[in-house]
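Before anything else, here is the set of structures, which you'll find just below.
Same chain, two partners: chain A is paired with chain B first, then with chain C.
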Partner chain A sequence: MSTHRFAQPCTILRHAALLFTGALILIPFAWMLSLSINPPGEIFRASFSFWPQHFYGIENYTQAIAKAPLLRFMLNGVIVCTAILALQIAVCAPAAYALAKLHFPARDLLFALVLIALLLPHEVLSLPLFILGYKLGILNTYAALIFPYVVSPFGIFLIRQFFKTIPDDVVHAARLDGLSELAIVWKIMVPMALPAIIAFGIFSVVGHWNSLFWPLIAVRDQSLMPPPLGIMAFRNEEAGNDYGPLMAAATIVVLPLIIAFLAAQRWFVEGTTGGAIK
Partner chain B sequence: MGSVMSIATKRFRANHRPVQRDAHALSTSDLRRHRLSEIGAAWLLAGPTLFFLIVLFFLPVLGVFVIALTDWQFGASTLSFVGLANFEEVFSDEGFRISLVNTVLYVAIVVPGTILLGLGIALLIESGKSFRAFYRAIHFLPYMATLTAMAIAWEALLHPTIGLVNQTLAAIGLPTANWLRDESRVLPVLGVIGIWQNLGFAMVLFLAGLKSIPQDLYDAADIDGADLWVDRLWTVTLPMLGPVFMFVFIVVALKAFETFDTVQVLTQGGPGHASEMLLFTLYRESFQYLRTGYGAAVAVVFLFILVTLTLVQARVMDRKVHYQ
Partner chain C sequence: MSGIVLGNIRKSFGPTTVLHDVSLSIADGEFLTLLGPSGCGKSTLLRILAGLELQDAGSVSIGDRVVDGVRPKRRDVAMVFQSYALYPHMTVAGNIALPLRMRRLNAWQRLPLLGRLLPGTRTTTLEITAEVARTAEALSIDHLLTRKPSQLSGGQRQRVAVGRAMVRHPAVFLMDEPLSNLDAKLRVQMRAEIKELHQRLGVTFVYVTHDQAEAMTLSDRVAVMLNGELLQVAPPQDIYADPEDRRVAEFIGSPKINMLDGLVSAPGSVSFADTTIVADIGLSPGAHLKLGIRPEAFRFGAHSERGAISGTVRLVEHMGSDLYVHLDVAGAKQPIVARLSAERTASASVGQRLNLSFEPERVLYFGSDGRRIRALDFAGKAAVTSIRESA
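== the complex of A and B ==
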């Protein structure tokens, strides 16, 4: 359809321009990878080349893993993101169903509350949430990293929109088959709304895996740090100017999401930009 | 999935028509009981959400306002209301004024840069058929990558002696700089990193907008003599992208206002206050200096700016979304 919109001779120009901007975009990644396989001597030499004369990758990566508990950071990231997502779906899906399919007084009021909560930037709430975490005695635990995100207004909004497109007849049929309302949510609605659930899951996991602000406030122990906080602490305390291991550590932190993204591009683009509604 | 629904629906219609007819014969008390059980079920299902919304969103927002009006400090057992004293302190504070101005300048760099590059790249990608997914993936990559780690990579890239930027500039005979320690350069440099991170996001939204422009309009423009792609760009593409444009503008502005990671990792607001931005000020005052009331007042100002932007966005979306 689009070949018609633009003239043919542009094709070469198009590739040239996109390869150029693409190369610019990739420079920080390339630089990070390059430093991570260079020996210290070559990094600080005047004539630097992207590919080292002496491949030093194995030394840098083993040093990074030995010096910083990188695998621990990743495990923390997995634990925190999984717990947040599981709780968000467990709390949001039933509420989304009630808002989409049930009639009850104050339904519009509840939905208005969801929309108002959607307006609030989470960083603004950090001070009272910190105090709440302190009063509950859960600061500096996994629970501190998880509790502010138990309910996701965006998740409720997204899943409700999808539930509304499922015909009421499906719900009536399930009721006549003797299913309870809770069973309708988990056995009928959620499986049917899987695309919306997956999109929300990617939005949630990407956001919390990459987030630095709240973890910085909520935990102090290195053994609890998620990847972004962990690598920042590693940079501040240990690596200093030891660029090889530091870049190796950065590469290890960035890699999982990049691989997941390249493997399921369309889902990731949809999931993370669908969040733009927020 | 459509077929799953229609099968379920058909089966329902086939099996349950008699039951449905019986429903008309239900007594009013049965109906009322049914209504009550639906209300009960609804509150059971939505109850946890209501509880957590109140505890994790609405009480904290209220708390920020209350703290901002008191002299309460972390750990103190007493507090007294001091009216707007915290806000007076915030607005008379040179540091906060610089932080606010820096944030606005940063947004003024990031938003136009992100939109122009995002739109340009989206137009280039849409102008041909080959390698679309490939180009989209490359340009979207920074948006996915953990910014804290990539900030460390940028730091190495901008390193005064071994960084690629200065090495390249020196090689072609241009002056070099200490990019992150130079008061006049640090904010634009952070802006470049912000553009680098967000342009893929803008690109994806523009790509979606471009796909939704009907081919008929291009055909009509053809007939009207819009032969050059520039003509088609000005008469069809850009006007039709209007709503997307506005939407991207606000979403990117929101993201830019919420910039924290690069400041925290790369500059700590320095040199001097040259790269201090609102969210970093909020974090430092509240959690490092423990100036609780001051921090809460900054949070209220921050909230005010972001909510205003989001409400403008909601209005734009309302105008754009005319179904439902």
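== the complex of A and C ==
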């Protein structure tokens, strides 16, 4: 308790650092919100105030919804993200189980390959993937948006680490109880690793909802575009320099993510730390 | 019908050999305990029996059927694990029902919603529920069926694990240190319940433990294992009184058996510490050997027809009915521990000289290779004399 006197400056410093980094991340969001309710005339004024003199939100948001097929973009986002997540879990969970609990030759080598894949940025693969997509004839379809992400090294790694913390005895008990290896994955391991899987799900959905680079390469049809690409297209074609409606559209697009994140926050924190302390 | 035969089982993990040619047969309905310190390979042997590990060489038969290469679920064995290995996301009822659901319902019938609509699912599910309820009642955990394992105490989890094993009526029960996570009081209680369970079910039990009290109280026979070898397989009283190997004698018994260096001083007599006893063990004079005397073989006071030692009291431990007296005896490298009855021991205080007597028949002789040397002939109790050397 003698450290109590020193704790205060330390705490202040720590909070200052947290507030600063928090602000770095939040200011663009706040700015986006502010611009989305500003009339065009006020956006480029030298003085900045969060709240506009003339509230222009309704006009901006109606314009955003009316001019761009925002609902279509968001529906595309939902279709693509759901399909990616479902397929990722379908691939990652059995792979993670094999790497964590089964003994077979070259297992460690395979795991090393997963780790190497984890280091590669996805952008590096875009050219070969584009050519592959072209050869298969799936460019400009949902399949082109989904398939490159089905095998997620990050997912395999995260879930494998969590599976490692589950005692071998549970697997042995399940084998004696008559479960097949796949049944062990889906009935025992996945339910036990739910926090990790939800955390992975959030990472995956956020990443692919916001993804711009690969959709930009893979699809040209506006009716297939996921939200960020859609907005970008909308800016070029319709809005020009009309930032108010553009920011309104951006706000609408990130809104589902923010709501989902707040709702799943508890799981998210549990999942990323749960594997470490168990 | 469901006896077990293990023939020349060998197993290595990398460069370390954990099982060297282990052969063992277990009779139908027998309670056999694999006893040994941790790391001796007993759990590995159990896992090989269950089919969870594969042996490098040798063969396993359960009930006259060779089960090498047979999957664990087809071996008709059930296992209770040290960590209980319950499924944390399922209720107690779900845990106990799972082995039955996996066996009696097919893959379609097990589907969450669709399965209920299929013919036969309803009746089978009802049967399973009834059997789970019966099992839970037998273990008096029927009030816990809707709880999750995390809401149970250690003893209750243990019962659920036993329930999950017994619900499908296996031919062989395997238990891997099932009591070691419980507190001392509960352990004694569960020990009695396991004994009762064995008597009620009448099936073969193979029980792994490092606790000699569990092994001695539960088993029909005890198999003592050390460094991947079976040293002796015998009923508990034989393991204790008639060990075949020095390591068995040293492992069993608390306090530990006194091991003393001895020398065959003349044909038919052996010297150790400060005394010489008559024992014809067929070794020629000059041969070195080890003598084991259990702490409870000693009696307070000298006695003309018994062997005798005397020494200085170094430490006295009061255990209620007994006293553990540590005695420094001339010629013995370590203090000799004697377990004396508190009532019959007049006085024992540190620094005091004390005379102790023992029956020479209770002395165990071991050769330099650790094997037991049996006395050829005691030539009658009365003829045994002990020659006190100068102390």
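Assume the second predicted complex is superposed on the first by the 209 of 278 C-alpha atoms of A that agree within 3 Å, B and C clash if a C-alpha of one lies under 4 Å from a C-alpha of the other, contacts with A are read in each partner's own complex, and residues count from 1 in each chain.
Keep in mind that, in the parts below, a contact is a pair of C-beta atoms (placed from the backbone, for glycine too) under 8 Å apart; a residue touches a chain by one contact, two chains touch by 3 or more.
Since the model is a prediction, treat every value here as computed from it, not as a measurement.
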Check: So, does A:Gly207 touch the first partner chain B, the second partner chain C, both, or neither?
Finding: neither
Margin query: Is A:Met192 touching anything from chain B or chain C once the two structures are fitted on A? First, second, both or neither.
Written below: both
Notebook entry, point to check: Does the superposition put A:Ile27 against chain B (first), chain C (second), both, or neither?
Noted result: first
Next item on the list: Would you check which partner chain A:Pro52 touches, where first means chain B only, second means chain C only, and both and neither mean what they say?
Entry: neither
Notebook entry, point to check: Residues of chain A touched: more by chain B or chain C?
Noted result: B
Next item on the list: Could you tell me if A:Val170 is touching chain B, chain C, both of them or neither one (first, second, both, neither)?
Entry: both
Next item on the list: In the overlay, answer first, second, both or neither for which of chain B and chain C A:Leu132 touches.
Entry: first
Next item on the list: In the overlay, answer first, second, both or neither for which of chain B and chain C A:Gly178 touches.
Entry: second
Check: Which partner does A:Thr11 contact after superposing on A: first (chain B), second (chain C), both, neither?
Finding: first
Note to self: By the touch definition above, which chain A residues appear in both interfaces, chain B in one complex and chain C in the other?
What the structure shows: 167, 169-170, 172-173, 176, 192
Margin query: Which residues of chain A touch chain C once you look at their complex with the stated criterion?
Written below: 167, 169-170, 172-179, 183, 188, 191-192, 194
Checklist line | chain B - residues contacting chain A, complex | finding: 1, 4-5, 8-9, 11-13, 15-16, 19, 35, 38-39, 41-46, 48-50, 52-53, 55-61, 63-64, 67, 117, 121, 124-131, 133, 135-150, 152-154, 156-157, 161-162, 164, 167, 196, 199-201, 204-205, 208, 215, 218, 228-229, 232, 247, 251, 258, 260-261, 264-265, 279, 282-283, 286-287, 292, 295-296, 299-300, 302-303, 306-307, 310-311, 317
Next item on the list: In the complex, go through chain C and note every residue touching chain A.
Entry: 47, 50-52, 71-73, 77-79, 81-89, 98-99, 102-103, 164
Checklist line | Touching residues on chain A, where the partner in the complex is chain B | finding: 1-7, 10-11, 14-15, 17-18, 21-22, 25-29, 31-32, 35, 43-44, 48, 91-92, 94-95, 97-99, 102-105, 107, 110, 113-114, 116-117, 119-121, 123-132, 147-148, 150-151, 153, 156, 166-167, 169-170, 172-173, 176, 181-182, 185, 192, 195, 206, 209-210, 212-213, 216-217, 227-229, 231-232, 235, 243, 246-247, 249-251, 253-254, 257-258, 261-262, 265, 268-269, 272-273, 276-277
